[in-house]
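Common to both upcoming complexes is subunit A, partnered first by subunit B, then by subunit C.
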Partner chain A sequence: MRTRAEASRQRWAILGFALAILVLSFVVLKSAYYQLVLTQVLLWAVLSLGWNLLSGYSGYFSFGHAGFWGLGAYTVALGMLYFDLTPWVSIPFAALVGAVAGAIIGYPTFRLRGHYFALAMLAYPLATLYVFQWLGYQELALPMKRDAPLLYMQFEDQRLYVVLALGLLVAALLISLKVENSRFGMALLAIKQNEPAAEAAGINTWRWKMLALMLSGAIAAIAGGLYGVVLLVVTPETVFGMLVSAQALILALFGGVGSLWGPVIGAMLLVPLAEGLNAELGDVLPGIQGVVYGIAIIMIILWAPEGVYWRVLDRLPRRKPAAAEAPPRPTATVVPLPHERRASTGEPLLVLRDIGISFGGLRALDGIDLAIPEGGLYGIIGPNGAGKTTLFNVINGFLAPDRGAISFAGEPITGLRPNQVCRRGIGRTFQVVRAFPRMTVLENVIVGAFVGAPDDATARQMALAALDRVGLSAQSGAIAGGLTTRELRLMELARALVPHPRLMLLDETLAGLAHDDLNGILTVIRQLRADGITVLIIEHTMGAMVQLVDHFTVLDHGRLIASGRPDDVVRDPSVIEAYLGKKWVDRVAVPAK
Partner chain B sequence: MQKSPTRRSVTAGLALGALAAPGLRIAPAWAQAKSVKMAMIAPLSGPWARQGQLLRQGAEMAIDEINQKGGIEKLGGAKFELVVADAGDSTEKAKNAAQRLLSDQPDLIGGFGSWLSSFTLAVTEVTERAQMPWLTLSYSDAITNRGFKFIFQTSPTADWQAAETLPTALKLAEAATGKRPKTIGIIQDNTASPVSFGKQLREGGGLDKVGLKPVVDQIFTPPLSDATPLVDKVRSAKPDFLLLLTSAMPDCKLVLEKLEEFKLAKGKIPLVGNGAPFGSPELLKTIGPELLEGMLFSVANWPLKGQEEFIERFRKRTGEPFATQDALCGYGHTWILKEALERAGAADKLKVAEAIRTMNLTTGPAALSFPGPIKFDEKGRRQEVPMVFAQWQKGVPVTVYPEDRAVAKPFWPSV
Partner chain C sequence: MPFSSVDLLQALAAGILVGSAYALMCVGLGIIFGSMNVINFAQGDFLMLGMYAAFYLTAGYGVLAFLGPYGGPIVAAFLAGPIVFALGWLLHRFVVARVTGAGAAQTEGAGAYGQILVTLGISLILQNGGLILFGSTPVGVRTPLSRQSWEIGDVLLNQARVVSFFVAVALAGGMYLFLSHTRLGKGLRAAADNPQAAIYMGIDVDRAHRIAWSLGVGITAVAGGLVATFQTFQPYVGFDFVIVMYAGVVLGGLGSNFGAFWGGLLIGVVQQMSTLILPYQLQNTAIFVVFLLIIFLRPQGMFGRLSERT
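Up next, the complex of A and B:
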């Protein structure tokens, strides 16, 4: 998330860019041809920005933005042909069409991830292309309105198209900026970097992804609508074709994916390059323009694999992490814990009844009954493969149990999505830390704060407080990718803590830590208990746990084999057998008697 | 990273060069101040490059002839010059090409193009605003339905061709066999021109008017993977003849081969098509003369009686086995512009346009290049144009109708 100052700088940059384009159009470029190419540059930039809003920020690559572009173009063309609708009305309407299409497409398609999502998106424009052919819309020419050209957006002066396209681009830039600077953008970035972690941190990933696709579809469609007006001829191949989808993607990748200016840079460079090559080589050596264009793209991508924008940014002298990132220590540190201390009432906070889940033939959990009273530290131990992490995944909603029921604070939570579980007050960390590696420590934690914070400023304050609580304030401005294991664990703890959970699930938080680091974390965990948070912690090594927890539960092969005070549990023969094998049972058990 | 500066500078140079190039366009050395310029915008790259190439060959041949004979007489023997732009493979590129040409070449007197109807629609939006007389062979009715004043369509429009093709085919059948076909099979793809053709037949009453009963009526989406289901219906329904409206060569080939496999080819079921692709040398090369023998197709323009000398020169010059609609129109359009210049007496696009509007050519190379006189109505459509039919005979598609311009007699493959 950018600071306010930076957002305002970006707004000035957008204004400056718009003025530069206007000067270019009205002062520098004299011929209608250059105005036409400039219009196309701007429109392709809008499409690419729309694509970037979904794919650049959330990482869900779409090969199918031609679908929205084409729907926009056809909305305008059909509106004018059959309803005599002026583009002034139908172009905004196209945005609505694009948003609805985004919702319809997103609903089934967001079940898929990665390459599968990208390929499924590819199918939509190709299928729509055939639908429009089947409907008989092979070639639609927008009628020329000689009597009311202005009413129908048919300008004699090409510069007016530049102004309109520029208006769309500025709007798309401002929307992108707004998204980047809000929890919307943070949520998308979190999804891109680690979707399960985002979900576990309470982000409703489904909702944000759908919103992103709808907004993205609307932007692409509105640009497609104006494109139809500029070209005046709409055919399925030119608006739904592969090349349109590819164009959206190439411009953003080339210019700098996931950045505000990347798609604009891509369009400003590549579109005139392609057109210039067509103009210069098209009549001399037809076809060679495509070869030169391809080579140019390959070479620039070799030079700047992440896009021109990022490459240039890397070359610029790096600004120091803003001083604002090391904020005044919030007063929250010392005393008033946001959570009023809860005494151990003995009322079970979390109740699992007969939980079972299988993966194929493997019964990962089998008839687990567990009641965790509020307050205190509970350890779950068991050898590798005992089902400990699976148990956490079932509790926090990553997995739905095949049978059984879970209730939390008296309410059933079986089958809820992770973000809903999080909202009810269950935080968790992961065995392998799931950080958002390209965000700062503070941003990582802010993602967790969106659950409870009414606004972004509060979220920031809450995140700072949580960082302070785990002793990580000094690192708040650092990029998460560069942290040590201990710092990562603490950061994850802070992220889980920030919405003030009643129950924390800690998955092997102590694993792989050196002795000194271990003590630091143990202190923090004890502090949690002191603050009244119930902690459920998984470990497979017993050493540290025996000193730490109040109560032990032992899992083996998906079954609960022992439960009780730590001292008793470690002497339980079935526990010894599970850890060490049968022959150890006698040797160890005898002296205990 | 020691290599990167080189790579970077080459890239930057390339990008800058390409960006700057449009501004540095250098006029060819042979373009003298006195020459008069006309334009051609056609696809020279992409899937339709071959058609654009043929148009260009025809036009260049006409330009050479005109200049050898002393240029434009009324303009003191000024040389005629062809300026070419590539319409590429999309309407966007076609429109850009038009806008660019008009910006770069303010002294153009007219032009022609751009083969594909949707390209022509986009290009003429630009030429119309510039009041540039523009000739086209594209069939689509939409081109001359927009009330444009500077567009001249030398081909009969798609609807008209759809309306005329069947009656003429029936006339040919009746003349050859004495029997009038009663049933028809239709196999077509769903691209723009077959769709508008089929629409005229089914919804426009084209079939009812000639009393034909469609016993097979199949529409497919290209590319066709297997023609068996289509041809199987033809086999069981046995129409008196089959109307084949395909736009892609591989689809056409699949259907013809399947007809052969089912023993329906070589005249068992007479074939009628529409459009120049049915007479292309590529079709001959892919499918071979035997399967094509006897196939009839209606087309806007095809080599006619009286063009023998031109065709011979064209074949020598280009190495093509025969001339087609595209080369003929490239040649003919150039000559129409030349005639208009002579009538206008000035290298002025408005006067040239007016000259085309009022011309009525029946002799000379321009008139010889098209069936019927060169005479346009107020929409810009050519008047008194007969439907042209060609038929594959011994490996050559020869014009068999109208009789006065035909170079061979039609035969109706008998059942």
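Up next, the complex of A and C:
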């Protein structure tokens, strides 16, 4: 998330860019041909920005943005042909068509991830292409309206098209900027960096992905609509073809993916290059322009694999880092929140009834009954593969149980998605820390704060408070990818804590920590209990566990084999047999406490 | 029903015969996709190169002309493999390796951005280079097989397609044995499943990738050589097939070594069967509909597995 000053600087940059384009169009360029090329540069930049909004920020690559572009172009062309609709009306309508198409496409396709999503997206425009061919719309010429050229956007002066396209581009840039600076953009970035973590932190990933695709589709369709008007002829191959989809991502990847200016840079450099090559070499030796274009792309990408924008940014001298927003407090490592304390009512907070889940033939959980009263620290132990993490995944919604029911605070939560579970007050951490590695510590925690915060400023305040609470304020500006294990664990704790959950699920939070680091985290966990938060913790570090928790539950082979006070449980013969071994009994026999 | 049972059998047979060539292409792509996790947009263009390799080996006074119109094209299809394999090797050595493998793992998206652009660039170069070298006139590998048929009952089986079927199945079977039973093949799969672990086990991941890449484009080129015996082509033909190939690989599914083969075969069958009820232009639309249906019902593909540790 950018600071306010930075966002305002970007708005000035957009204004400056628009003025430069106007000067270029009205003062520098003389021929209508160059105006046409400039119009195309701007429209392709809009398409690419639309693509970037989905794929650049969320990481869900689309190889099928031609679908939206083509629908936009055909909406305008068919509207004019059959309903005598002016582009002034049909182009905004095309945005609606694009958004609806995005919703229809997203619904099935967001079940896929990674390359599979990208490739499935490829199918939509190509399938549509054949349908339009079959419908007989091979070549649709827009009817000429000589009596009312302005009404039908058929300008004599090419520069008016430049102005319109520029208007679209400025709008697309402002929308992208707005998205970047809001929880929308943060949610997309979180999805890109670690989708399960985003979901568990209360981000409704489905909703944001759908919104991104719809907005992205609308922008691409608008650009496609104006493109149809400018070229006056629409054919299935030129608007639904692979080349359009490829162009959208080539420009963004080339310029710098996931950045505001990347798609614009890509379009400004590559579109004139391709046009120029076509005009200069296309007649001499057909095909040579494509070869040169291909070589140019490869050469530059070998030099700047993440795009020109990022490469240039790396070369520039770094600006001074902005002063820390909240002065780090050198004092208390843990700040309790007394007002948050809830009385233990004794009523069970979390109730699991007969939970079962199988993976193929393996019964990962088999008839688990568990009631966790509010307040206190509960430990879950068991050998590897006992089903501990699976149990957490079932509680927080990553997995739907095959049978059984879960209720939390008296309400059923079985089958809810993780973000809904999080909203009801269950936070969790992961066995292997799931950070958003390219965000700062503060941003990582802000993502978790969106659940409880009415606005983004409050989210920031809540995040700062949570960092303070776990004693990580000093690192708030650091990039998460560079943290130590201890800091990562604390950051994840803060992210789960920030929406003030009633129940925390901690999955091997102490694993892999040095002895000194252990104590710091134990203090934080004890403080949670003191604040009235119920804690359910999976752990292997037995010595620490026996001292830490109030109550033990033992899992083995997906079954609950023992439950009770720590001292009793560790002496239970079935537990010893399943997990601890004889050696432990001898150690416990000597009074440890 | 608007069609007879003979039509049905005819379409099914044609689907299996054509589908086997698709299946072989998909196996080639699947090796690259599966072991390098790279989306190779140029795969269709390597297929095109295989077609032209077979064409120039047999046409006119080509070196294989002495084998006659029956044997020549088949041998030529096989030879297209090593030729494209060698080209693929060089391309990987000097271009592709710079954006894939160990070096790219540290960049954002594990180098996916660079990879996509580089393969798109290669695709542009091959297509347009092909246009310069081969011209835009559609050509085909001439063999009398493509005009002759065997009859089984009322069903006509085009001889060129039958021959290509057997070659494709044999080669795909050979690849299967290679991947599952040889040391090198197992190494490729290990490098795919977990590159980091493979490095620790002493597998040279970059070399494994180079072999996978070259083998993948080589296999696909052989499939191209086979298709060339019953279909005309021009330098832009790769586009049509890249879709078929990716649909096949996605249908086959993640985590399955040989899903791609069945995926490709299914694509062929769907394409041919759809002509029974749909107009010719909508053949490919039918492929996409089946593709989307499977995605909807079984996101992990026909033979894939979905697993994620939290």
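Definition applied: the second predicted complex is superposed on the first by the 562 of 593 C-alpha atoms of A that agree within 3 Å, B and C clash if a C-alpha of one lies under 4 Å from a C-alpha of the other, contacts with A are read in each partner's own complex, and residues count from 1 in each chain.
FYI, a contact is a pair of C-beta atoms (placed from the backbone, for glycine too) under 8 Å apart; a residue touches a chain by one contact, two chains touch by 3 or more.
From a predicted model like this one, the values you see are computed outputs, not experimental measurements.
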* Considering only the touch criterion stated at the top, classify A:Gly543 as touching first (subunit B), second (subunit C), both, or neither. => neither
* To do: For A:Gly481, decide between first (touching subunit B), second (touching subunit C), both and neither.
  => neither
* Now for A:Leu122: first (subunit B), second (subunit C), both, or neither, which partner does it touch? -> second
* Quick one: classify A:Tyr130 as touching subunit B (first), subunit C (second), both or neither. => both
* In the superposed arrangement, which partner chain does A:Gly415 touch: subunit B (first), subunit C (second), both, or neither? -> neither
* A:Arg438 contacts which: subunit B (first), subunit C (second), both, neither? -> second
* Asked: Can A:Gly16 be said to touch subunit B (first), subunit C (second), both, or neither?
  -> neither
* Between subunit B (first) and subunit C (second), which does A:Met144 come into contact with in this model arrangement: first, second, both, or neither? -> first
* Asked: Just subunit B (first), just subunit C (second), both, or neither: which does A:Gly290 touch?
  -> both
* For subunit A, what residues appear in both contact lists, the one with subunit B and the one with subunit C? -> 130, 133-134, 286-287, 289-290, 295, 302
* Structure fact -> subunit C residues touching subunit A in their complex are 33, 37, 39, 41, 95, 98-99, 104, 107-109, 111-114, 116-118, 120-125, 127-132, 136, 235, 239, 242-243, 246-247, 249-250, 254, 279, 281-285, 288-289, 291-292, 295-296, 299, 308-310
* Residues of subunit B defined as touching subunit A within the complex -> 4, 7-8, 10-11, 14-15, 18-19, 21-22, 25, 44-46, 49, 52, 84-86, 88, 90-93, 95-97, 99-100, 102-104, 117-118, 121-122, 125, 128-129, 140, 142, 146-148, 190-192, 195-196, 199, 221
* To do: Write out the stretch or stretches of subunit A touching subunit C in their complex.
  => 59, 61, 108-109, 111-112, 115-116, 118-120, 122-124, 126-127, 130-131, 133-134, 196, 242, 246, 249-250, 253-254, 257, 285-291, 293-295, 297-298, 301-302, 305-307, 389, 392-393, 398, 430-432, 434, 438, 507
* Once bound in the complex, which stretches of subunit A touch subunit B? -> 31-34, 36-37, 40, 130, 133-134, 136, 138-139, 141, 143-144, 146, 156, 231-233, 235, 237-238, 241, 243, 269, 272-273, 275-280, 282-283, 286-287, 289-290, 292, 295-296, 299-300, 302-303
